[in-house]
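Okay, so chain A shows up in both of these, paired with chain B first and chain C after.
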Partner chain A sequence: MVVGFAIVAAWELVTAIGVVAFRKPMYNALSLVANMLGLAVLFLMLNAQFLFAAQIIVYAGAVMVLFVFIIALMNPQADISFRPGGTEWIYGVVFGVVFAALLAALLFNHGLTGRPGAFTPEVIAAAGNVQTIGIALYTRFLFPVEVTSVLLLVAAVGAVYLAMRRIR
Partner chain B sequence: MTLDVVVETLIKAVIVIGALLTGFAYLTLFERKVQARMQQRPGPNRVGPWGLLQPAADGLKLFFKSSSAPSSRDRFLYLLAPMISIMAALASFAIIPISGPGALNLFGRSIGWYVMNVNIGVLWYFAVTSVGVYGIFLAGYASNSKYSMLGALRSSAQMISYEMALGLSLVPVFILAGSVRLVDIVNAQHTWWFVLPLLPAFFLYLIAGIAETNRAPFDLPEAETELVAGYHTEYSGLRFALFFMAEYINMIIVSSVATIVFLGGWWGPFGILPGPWWFLVKVVALLYIYVWLRATLPRMRYDRLMALSWKSLFPLSLAMMMVTAIVVVAAQGTL
Partner chain C sequence: MPVPAYSFLLLSGAIFTLGAIGFMVRRNPLVVFMCIELMLNAVNLAFATMSRYLNSLDGVVFAFLVITVAAAEVVVGIAIIVQVYRAGRQMDVDELDLMKE
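Our next item is the complex of A and B:
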């Protein structure tokens, strides 16, 4: 388990560096896809099979495909020659240090494995993985789920409205 | 996970991959033969008896062909794309149980008739196919050719659109079976196959499945009269063979999922055949429909294809899902 986590964590680090370090936008996007796949594997190792599938279907399979589409269609010149200036370096260092401090604080307070919750592997195995998350989403968290879906609906209606206005 | 489980899964995976590759080879022959019969010609009949060795000859030909590639390609992605396609195609078969309900007893172990029996079941299939889209899209992008790019755009847009209808058409089955685990779904069909109460969902699934695998009459991504060969225009030799394999293996998988989910999997009437044979018979029957459609129907126009998905199949499968849910709840008397 620890060896597996180490391998996936290394994969996550390498692909995350790839997201910012590559000089071709297509490779940046694909690094992000690889990173999301690694995240899905982490979910799987944490016994969250449904989140594994949802992570791949929604993020790697739908959201990132759109990113890749747009990059392929809108990007005639393949390379970016972008040199960060002086102020960008300062912002980058400040945010990097703050974020690292946050992560370190989390790590020292809770450890690498985190706190045990109500859903132990035994509880999940008894009810089934999909069933457990389904019951949680549609009973205890019904209101947030519905609010989020309305939010997404608003975005969809907005997109249709913009498209219709251009046709007219 | 102990070592023996890992070894067992590996052996099963090797067997499944071997079976799928053989299945792919003979599916090409099956398609050519059936289409030839439908068009009043004999079809391939020179290599071996009844042309049975034709797939081997085709394979050898592809193997010895010189591989040409465009010089302005993106070298890494050009290599990666066919690998993603074939890996996605092969991996999705892992969840298909080909027989049951018991397990096979070999060497003092009970071995299930599947590579893995995961709780998320069909969701694994959707996850893997959604990664498969990248194979097709990156092939078009990395080839650096207009035909490839247009084919890849069409193909990915089509696959993403039809994946919605494909997924939603299966939800009524989950509602009836009460599980997404494929073994549970098949066991729930012991007396009645789900195709009877859910006939509309079955047709929705078939139509969406044909579009999802980019087959005629929805084969716009490789409409040869306008796009040469679509996303794999610039691929030749064995690299082309990988895309070819992926397409046919995807056909086998869509048919297998339909068999499992709607046609009762390994259950057959009268108990005259053992489980795996029933499974095979049903899959071949569905594959015959694929070939039949290709031989009879003309290709659709692209805008009609997208309209069919978003304006007909998608709302219909949503409606089917709601009706099923209402009927099931009413039947349980909790409404």
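Our next item is the complex of A and C:
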């Protein structure tokens, strides 16, 4: 388990660096696909099988296919991301180090607290993972689910409107 | 529990930081979007971790909602990027300042 986590964590870090550092957008997109598949494996390790399936279907499937299609359609120039002699990387790395140090300090100085719930892995395994989450989604979280469905509808209408409209 | 929660959360923080760096450094709007997706994924990992280690379902449900909202956001964002591309403007977030005028 620990060895598996170490392998997947290294995979995640390498592909995340690939998303940020590759020059061509297509390589960025493929790194992101690899990153999302690794994240799905991490969800499986965390006993979240439903999230594992949703991650692969929605992210690695739908969202990234959209990205790859748009990149293939637009064929953006590779050199757009780096000015010759640009100094963005220095600022970015300095920001990253400070931000990561703040996050780690927050995590280790305050510890993890929280009230444990009733859904131990045994309880979830007895009822089934998807069944448990489905019951929670449609009872306790019914209002957020409905609001999200409205959001999806609005996004679809907005995308169609933007696709039909010609801007000068 | 073999793997401590801290290691998952530290990995989540590292991925989030990489996404934030890319968000600020890259200038292609598509790659900027990908970095936003990276950050959302890192947050989902933190949600799933806390959900697992607190024996609660709230984190998983919240991560599911985050996935849905991210899908909607990507659809609208890419539609806008395609419109900008169709208008023949340069694909560079530093040059896109039409709203300023």
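Simple rule for what comes next: the second predicted complex is superposed on the first by the 124 of 168 C-alpha atoms of A that agree within 3 Å, B and C clash if a C-alpha of one lies under 4 Å from a C-alpha of the other, contacts with A are read in each partner's own complex, and residues count from 1 in each chain.
One rule holds for everything that comes next: a contact is a pair of C-beta atoms (placed from the backbone, for glycine too) under 8 Å apart; a residue touches a chain by one contact, two chains touch by 3 or more.
What you see is a predicted model, and the numbers here were worked out from it, not measured in a lab.
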item	value
Which superposed partner A:Ile7 touches (first chain B, second chain C, both, neither)	neither
First, second, both or neither for A:Glu88, with chain B first and chain C second	second
Partner chain(s) touched by A:Phe99 [first = chain B, second = chain C, both, neither]	second
Touching partner for A:Leu142 - first (chain B), second (chain C), both, neither	neither
Chain B versus chain C as contact partner of A:Ala126, first or second or both or neither	neither
Contacts of A:Ala60 with chain B and chain C, given as first, second, both or neither	first
Larger contact residue set on chain A - chain B or chain C	C
Touching partner for A:Val68 - first (chain B), second (chain C), both, neither	first
First, second, both or neither for A:Val20, with chain B first and chain C second	second
Partner chain in contact with A:Arg165 - chain B first, chain C second, else both or neither	second
Chain B and chain C contact sites that coincide on chain A, given as residue numbers	50, 54, 62, 73
Residues of chain B defined as touching chain A within the complex	74, 77, 118-120, 123-124, 126-128, 130-131, 133-134, 137-138, 141, 149, 153, 156, 160, 163, 179-181
Chain A residues touching chain B - in the complex, by the definition given at the top	26, 30, 33, 37, 40, 49-50, 52-54, 56-57, 60-62, 65, 68-69, 72-73, 128-130
Residue ranges of chain A in contact with chain C within the complex	1-2, 5, 9, 12-13, 16-17, 19-20, 25, 28-29, 32, 35-36, 39, 42-43, 45-48, 50-51, 54-55, 58-59, 62-63, 66-67, 70-71, 73-74, 76-77, 80-81, 88-89, 91-93, 95-96, 99-100, 103-104, 107-108, 112, 114-121, 132-133, 136-137, 141, 144-145, 148, 151-152, 154-156, 158-159, 162-163, 165-168
Chain C residues within the chain A interface of the complex	2-3, 5-11, 13-22, 24-28, 30-31, 33-35, 37-38, 41, 44-45, 48-58, 60-61, 63-65, 67-76, 78-87, 90-92
